[in-house]
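Take a look at the structures below.
In what comes next, chain A is part of two complexes: it sits with chain B in the first one and with chain C in the second one.
Up next, the complex of A and B:
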């Protein structure tokens, strides 16, 4: 490093010219705020205000094709007394729980292999990148790609028939809840693999060796050392997956044949028929669900302490 | 536990199956894009291999019952939008991250406000902006309201990338320039910017690709003129043909091209940094 020699030349300069211009006081005092202002204002105006507007509008009066700023609870009452809307809320939570479960069950072993069993850092990165590459395809194309896979004459049925595993094509694969779950798991599972693999990579190998030397079996090492240490990664992954699955509507629109209605789909339909107040109610409910889920996940693992 | 060959083999095999699961739909889609046309449908078996549907995309086939994808104008709009979003969010991200190099009261609050932009589901942000613009009587458009929400989405990514870069960088170099009386603007141009350039490049890559592919926010925030994802979504409800698969293959190749440009620029900046370091070493 060349720092020391630089330091001496610098020192001599500042000594010979004592009137080195101190940066103007004005920027000192307000500089930080000037730098902050554009970004903060942007987020306040185009994120915070719209979200508050959504809460506000959920109390407006819904006319046939318009809304009036006359406050009422009618939209809320309609929402919770309609089996369609409450059903959508239940379906959303259901799909979220199932998808989260499968992203964990399917993603964890892969993360385990990448983070713990591949020793070489370069190979580790290559395999992780391999998992991320499908993300370079447009989201909607990735969703659509499941149609030729799952249909009655789709690739999966064709393969199973050829292998002689089934005698008739399975037709519950496409345009059902199953296809929505398969599609979402494939799209979001990477968000579970990444954080868990990172946490696994940070585990001090000597801990595992010490446990083995003391006679602990593989299962015990996993249960008492490895798994607890990856929990923060699981929590981060779960937050990613939850936020994205709860806000979904495109996958269910494309793969369920309108059989699966999530809160997101309700919002899209209501906006389409200019029922802004109902859409706003569904939006506020969705925000609340999301808040509860994230708060619960943050409570399960103290991220600030762990990271 | 990582020394047990059986466990190792089993997990390795599982990982291969897992990665196949990630790739399979796209591989099937790519194969089916070479279906014969216009009579071939979006499923197996391949009647005979052809590039009919690629020609169909560019309007090079005789008119048939399959309407061409309405993507020409949408593509141009999406590219312009992605470019504007990229420039704006990288600028905002750099400014805000620069501010975070000092401690200030309320930094936690600002941090969460910014990060919220990438956490709140697109459908909610889109709905909120649509409500505000309806309330204010402002027309929604791809270059107005859509641009605003795209930046809300990509600015947090740029901010986090720049924060990570600025945290790692040696302040004394900048301080040296100030001490020597170099004006702040020049210091930024000559010292700070070259040092943070790889970060800026990454922030730009994030912003461009996220905006180019952004769908839920756009759905409500755009007016009548569609962006590319909206045009693709429009085909969902009708019967699909292999032309959308062919388009999927092309747009993926385009993404890889962007990634390649990024890799190239990154490699160039690393090489330049190394050359400067060597020159300093000699001097």
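Up next, the complex of A and C:
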């Protein structure tokens, strides 16, 4: 060992040496809290407080064009005794379940292809980006583009007629639940493909080789190894899709011809006619449904352990 | 009996295996030694069926293997990273092959349990069947991987750098375990490694591979004492190599002289070589002490470093002064001379 001999070395040593007791700086003591503060404040101001406000307002008294801060259960009673609103709740859940099912059925094989069969990482990224290309146009255009596709004289019917597969145009394609479901699945399927493809890309190829080496066939390997390992991706994708579908109102407004009313549409209508208390009830119900769905999905797959 | 005949494999312009032929005796423990990129893993993957050879054939007990898909070969493969299924327990990992193989899967849960438990017992993990993979240490994972492969009764067990992921202590324990397990099962084990000591310790025979070619196939002590070529001598990491210009006088014929580190004697400068001896003069640089062995480092005028090893159990350490010249002496007949001096450069 060589002893430090020149002054500069000694000088720099004394700064860090324990002989000079380091004064604990205030950043050390409060650093954690300081770093947490902006995010916490933001969440409190723009998430927690509005949510509580919404719950609070749902108990206010609704007059024709105004609300009064007099607490009452009237809006809640009205909501659950009206077949229209309970029906909207049922439709919302129904459409959510169907859309989720189809995003999975269409999204999973797509992700499987991207994540497992495309070997080249660059190609993989390019294909994933291609999936997002529809998002380069506005939401409204994407939804409205389905009208000329699905209408009575739309592209789909024309094509089927030309091919001789049908003799009369199908008229349930547009302005029905079917069109709403088609529109939603098309928009949201990407949110299922992304997370699943990421999980698939993370599966070590040697696991699949090992399973093959042990004598298992492809279907067995998929069922027992690949699929279980992508479940966290499925859960994340399902959460994305669920949150977006449950809060939807634009697709159903544009493609159902006012025939399909979701909770989102109810809220828009009620807010439009200044029925704040009522809109708040629908908002609370919708938030509760989302909470239950997310909790159930998180329960089914332990994301914290698997991600 | 496993026969590999004329196997070739290229990746684009790179030749991974160049006409490799080998025959492995029934029940043999074979080490496959080579530096990274020598093609040793490729050969293993071709035997397992993960890769297809461009040419050549592999016969297992006389039957051609290359046309068979991976899951019908009966060749067990333990990969370097163990490749355990992270979402299954130890028991379910080991049971995977028995339950899910396409050819005569074992349906009865009792039979599965009996065989899995027996195999876990054999690899020394009797108690750990219920554990999750994430709860295991490196050595335990290695054992699970081994049990998972062996439980389906493969004809051959291929081990790709099986000890590479383990620390030094575990490595020693696992070598003993591996040999014990091999003895119990009596099937062919092929052990790929880049570590010469591991290759010599484990194999009944050692195959030395470089740039896709087999350089030598022999018993460990033959490989160690009589390497077939300069490259083999270099991989062994035990030999000093000398061009003729490094040596005093016309001591040897043309070519490169190889002499094992522990066969060199250090003498005072000015020592005169007797007839059967070869001598070179070198400057002492430093010594490295590692328990039972001390290694002295010398440098030749050409800049080449020479390592001399004294086994302290039968030699006293020499008192050497840094920067001084010494005579390095060895018996000429113990050195080996290979090829032309050009390849040494």
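Quick note on the criterion: the second predicted complex is superposed on the first by the 263 of 307 C-alpha atoms of A that agree within 3 Å, B and C clash if a C-alpha of one lies under 4 Å from a C-alpha of the other, contacts with A are read in each partner's own complex, and residues count from 1 in each chain.
FYI, contacts are C-beta pairs under 8 Å (C-beta built on N, C-alpha and C of every residue); 3 or more make two chains touch, one makes a residue touch a chain.
Since we're looking at a predicted model, the values are computed, not measured.
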| remark: In this superposition, the partner of chain A with more touched residues, chain B or chain C, is B
| request: Pick one for A:161: touches chain B only (first), chain C only (second), both, or neither. | output: neither
| query | Between chain B (first) and chain C (second), which does A:213 come into contact with in this model arrangement: first, second, both, or neither? | reply | second
| message | Touch test for A:38: chain B only (first), chain C only (second), both, or neither? | response | first
| task | Name the contact category of A:204: first (chain B only), second (chain C only), both, or neither. | result | second
| task | Would you check which partner chain A:178 touches, where first means chain B only, second means chain C only, and both and neither mean what they say? | result | neither
| message | Output check: A:268 vs chain B and chain C. Expected answer is one of first, second, both, neither. What do you get? | response | first
| request: Under the contact definition given at the top, report the residues of chain A touching chain B in one complex and chain C in the other. | output: 212
| Footprint of chain A on chain B - complex, ascending | 1-2, 4, 7-8, 11-12, 14-15, 18-19, 21-26, 28-29, 32, 42-44, 92-93, 95-96, 98-99, 102, 104, 110, 113-114, 116-117, 119-125, 127-132, 134-135, 148-149, 151-152, 155, 159, 172, 176, 178-181, 184, 209, 213, 215-216, 219-220, 228-229, 232-233, 236, 240, 244-245, 247-248, 251-252, 255-256, 259, 280-281
| chain A - residues contacting chain C, complex | 204, 206-207, 209-217, 220, 224-225, 228-229, 306
| note | Contacts from chain C onto chain A in the complex sit at residues 48-50, 70-72, 75-77, 79-81, 83-87, 96-97, 100-103, 148-149, 152
| Residue ranges of chain A in contact with chain B within the complex | 2-3, 6, 10, 13-14, 17, 20-21, 23, 27, 31-33, 35-36, 38-40, 42-44, 46-51, 53-54, 57, 106, 109-110, 112-114, 116-117, 127, 130-131, 134, 136-142, 144-149, 151, 153-155, 158, 186, 189-190, 208, 212, 218, 221-222, 226, 243-244, 246-247, 249-250, 253-254, 264, 267-268, 271, 276, 279-280, 283, 286-287, 290
